[in-house]
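Have a look at the structure below, then the notes.
Per-chain numbering from 1; labels A, B, C and D assigned in written order.
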Amino acid sequence: AKWKIWSEKDVKRTMKKRGSNSHKGTFGTGLLVAGTDEMPGSAMLAGLGAMKIGIGKLVIATTPYAASIIATRLPEATYLHDGLNKLAVGTFPDGIRAMAIGPGLTDEKLIDQVLENVWEKEIPLVIDAGALGKREFAPRKAPIIITPHPGEFSRLTGLSVKEIEANRLEISSQFALQKNVIVVLKGANTVIAFPNGTGFINRTGNAALAKGGSGDTLTGMILGLICSESDITSAIANAVYLHGLCADELVKEQNERSIVAGNITNVLGRVMNRLITD
Amino acid sequence: AKWKIWSEKDVKRTMKKRGSNSHKGTFGTGLLVAGTDEMPGSAMLAGLGAMKIGIGKLVIATTPYAASIIATRLPEATYLHDGLNKLAVGTFPDGIRAMAIGPGLTDEKLIDQVLENVWEKEIPLVIDAGALGKREFAPRKAPIIITPHPGEFSRLTGLSVKEIEANRLEISSQFALQKNVIVVLKGANTVIAFPNGTGFINRTGNAALAKGGSGDTLTGMILGLICSESDITSAIANAVYLHGLCADELVKEQNERSIVAGNITNVLGRVMNRLITD
Amino acid sequence: AKWKIWSEKDVKRTMKKRGSNSHKGTFGTGLLVAGTDEMPGSAMLAGLGAMKIGIGKLVIATTPYAASIIATRLPEATYLHDGLNKLAVGTFPDGIRAMAIGPGLTDEKLIDQVLENVWEKEIPLVIDAGALGKREFAPRKAPIIITPHPGEFSRLTGLSVKEIEANRLEISSQFALQKNVIVVLKGANTVIAFPNGTGFINRTGNAALAKGGSGDTLTGMILGLICSESDITSAIANAVYLHGLCADELVKEQNERSIVAGNITNVLGRVMNRLITD
Amino acid sequence: AKWKIWSEKDVKRTMKKRGSNSHKGTFGTGLLVAGTDEMPGSAMLAGLGAMKIGIGKLVIATTPYAASIIATRLPEATYLHDGLNKLAVGTFPDGIRAMAIGPGLTDEKLIDQVLENVWEKEIPLVIDAGALGKREFAPRKAPIIITPHPGEFSRLTGLSVKEIEANRLEISSQFALQKNVIVVLKGANTVIAFPNGTGFINRTGNAALAKGGSGDTLTGMILGLICSESDITSAIANAVYLHGLCADELVKEQNERSIVAGNITNVLGRVMNRLITD
């Protein structure tokens, strides 16, 4: 079938116990290009998403101001100061397995410059938020994953939010096919559409996520699983599933109104422990 | 009756489960103008109040120094650096549903300039602390909410604290009527007086709140509920009720002497989960 | 009798439930002059000590660099930037009930200048750490409390640590009498000696406190109780007692080696709740 | 026998309850030379490792930028700003019992200069990460401890990671003998080889540690125990054992993927309390 609900069974099937001899290299190094002085938190939330879901190493390309805010809560990451500018002029850290760009960013010219410089690299690219302005997706070997909320997808497609919300599956799948990108259309029942015409629907999550920052955490979780798991399709689906499952776990103890994106990664380890058991 | 004790029944009646299809836009964007380099914490406490009570998005207009302190604990907010100055010269972010101004501010000239620029905007205004100097309230369409403690109300009314405390209901109601503002007169048994002559009395809370910062948290909670709930009257009453209820929850585990304002929002989700059940 | 062991009974006798109509003014404003760029943490620990034991308001006079580190964990305080310099040239905030000076400070000339400027003020002075260099204590109305560890007391008295430790009661009492100061000689079984020849011995606490920072927390707790309780003698004794009791509480869950000064104020509320019951 | 598995019995035998009269001097002062602006977190993790395992006092030589990030979570330490440069030109704090250098450092010239300046000092030296470039170890009185992961040990020995991993015991022991250094070869079943030909194998720990930052925490734990315990051999073995035991404790509640190095020191006190009982 074209569409499938990604369920707990699928998570258990695709996420196994780690090899006892693994080391941080095993789980890959991710590059997160995110955060500006007035939106530093988005890079922290994405960074927490990646590190709390199992990435081996994380480099956060951001401003020195934002990095000083992030590092207090994410001492396990390393930082590329003025990263957006450095990447825009062509510098690129070694050994990066996947890259995410966009949370907390606003300078479209610089973003386009960075994307141009990395386009030929054979690493998956997660494109979110500030990097989801109207753009063409030239063909490239490694996969592109876009993570728009309906507003951003409206900008990308030119369709109204109303039209999109009335036909989420069809429109995502069409875009994925035409542009050869993986589309993660966020919102209740997030849709994941692949360029081969198949897709998943996610049933986890609730209105506790209806607050600034939730999407940034998801972007980091997707980057983290792409780096640390072998199959990119299940990596993306599991990140979306676990992101929502954390929200379902949190509302047991906190009212949906009170949950903030930073709480998500606090329960991620507990939630994964129940699912990944063998 | 003119006066009514706002009770648990009222909270349950007016705060319902969220729609499953809601998104961060549903719960509004608040603008918090607060915090200076020597009083950065007040903006953090108000920001936590707004985000932990359910606001959709929060923009904090403050100094870059204060924002770097706040963002470590509030990565879910975004920041308008040198916000007070920018607002004073007329810049104003899009899509703001309500604004709060005053916690941690001291520059009365700049504050007056900002209030003048926003007076015609049809958004509720919460005026607290540093913005509660002696002022006139010109008529405007959207509601004004002032949140003075007795000392600030004495400054506003010219009456002594002793006179005010001896006649809290009458004096608040009169001020509300004359100035056409909603008065939240803080202190044990906080009084909420509306311009239509009605009012609520709050019975929750205790002396654990008798410490610097408690009022800043309340201001954020009021901003948060005004943005995320439909009815402004119950939004204010519920914010005051929940603020006190958190203090009552906290003294079960910590002595009243040891509670600090930052603890309030840590138990807000637990407390709301008991009340908002259907 | 000259000497008395300060016990749980004494704490219960002297620390009562707060009046329901109290407000932050009731519990006083403390001024904490502490912290430099290379020793910012001492001011944070003392600040946490004062605010978590019940002070009404706290002003921390420190460097802008240190204040930015402190305020993230202590948003409820306000800050006087370059406070040591400002106080040294005579500026002094209004409404201060008591002052503590010394944790994390090194510039003896500036400290002496500040002490000279405040000497005539009728507010208790807690003198610790960097302010405990060799000095004379000119007569003044309000009490002086010094909080040396044996090393600092050796500097003050000219006696060796060995001599001091062999005769803690006698030497502290003599110093208190001669200099008309309250001496808190720290170490296992802390001694509190008053200028009237009486004194207390504290039996709470353990070797978990044998780590940098413990004394800074105590200084803040003493400042906090002097501001928020009526009787200075029991305020000092209770602060020392509760400081040690927190260490006894912590070792139930954490090995003595793993406790750090910042943990002390995390259990202070729980410990006080057991003692202050009526 | 040459090799021995370091077990719980050994930990209990060598780690005893503290003397009730101990004070912070008893447990030594450590100097941690670590952290740069783009890798500030490694110094925080090492600092937490040292202070949460029982060091008396800790001085962290790092950049002012990194120190402001670290001090928020480690107010109990003091800081030597621009420490690497100051130590490179010969300044050295008094009363240091042991030093660790390398986490988060990159400037090999400066590191070599510092090592040269301290080589004659009779204090144990823990050399890790950035300080583990190819180097000779001139003879010196006090012990040298190197803590390479296989990649760093390959750089030091010129052997491939594959060769090292195929013969971890033999190669570590040979290096220890030839260079007269204590080798802690990290990875599953960490090997500790001493210059006298003996060695320990550690069986605690799991793949939760396969993430950036875990090694930095270990380096701090080794520095902490060398300062606070009498015997350096058991100090190193116990640090490695406890580091892994914390990871085994953490996976009970959190999936191995979700654990970050900062979590290790959160359970260290609980874990030690079970072992150190008399």
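As a working rule, a residue touches a chain if its C-beta (ideal position, glycine included) is under 8 Å from a C-beta of that chain, and two chains touch if they have at least 3 such contacts.
Small disclaimer: the values here were computed from a predicted structure and weren't measured.
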Touching chain B and also chain C, the following chains: none
Centroid spacing, where centroids are CA-atom means, of chain A and chain C in whole angstrom: 49
Distance between chain centroids, defined by C-alpha means - chain A, chain B (Å): 34
Numbers and ranges of chain A residues touching at least 2 other chains: 68, 72
Overall pattern in which the protein chains touch one another (line/ring/star/complete/other): ring
Chain B-touching residues of chain A, taken from the complex the two chains share: 37-42, 44-45, 65, 68-70, 72-73, 149-151, 187-188, 206-207, 210-214, 251, 253-262
Of chain C, residues touching chain B in the complex: 17-27, 51-58, 64, 67-68, 71-72, 74-81, 228, 265, 268-270, 272-273, 276
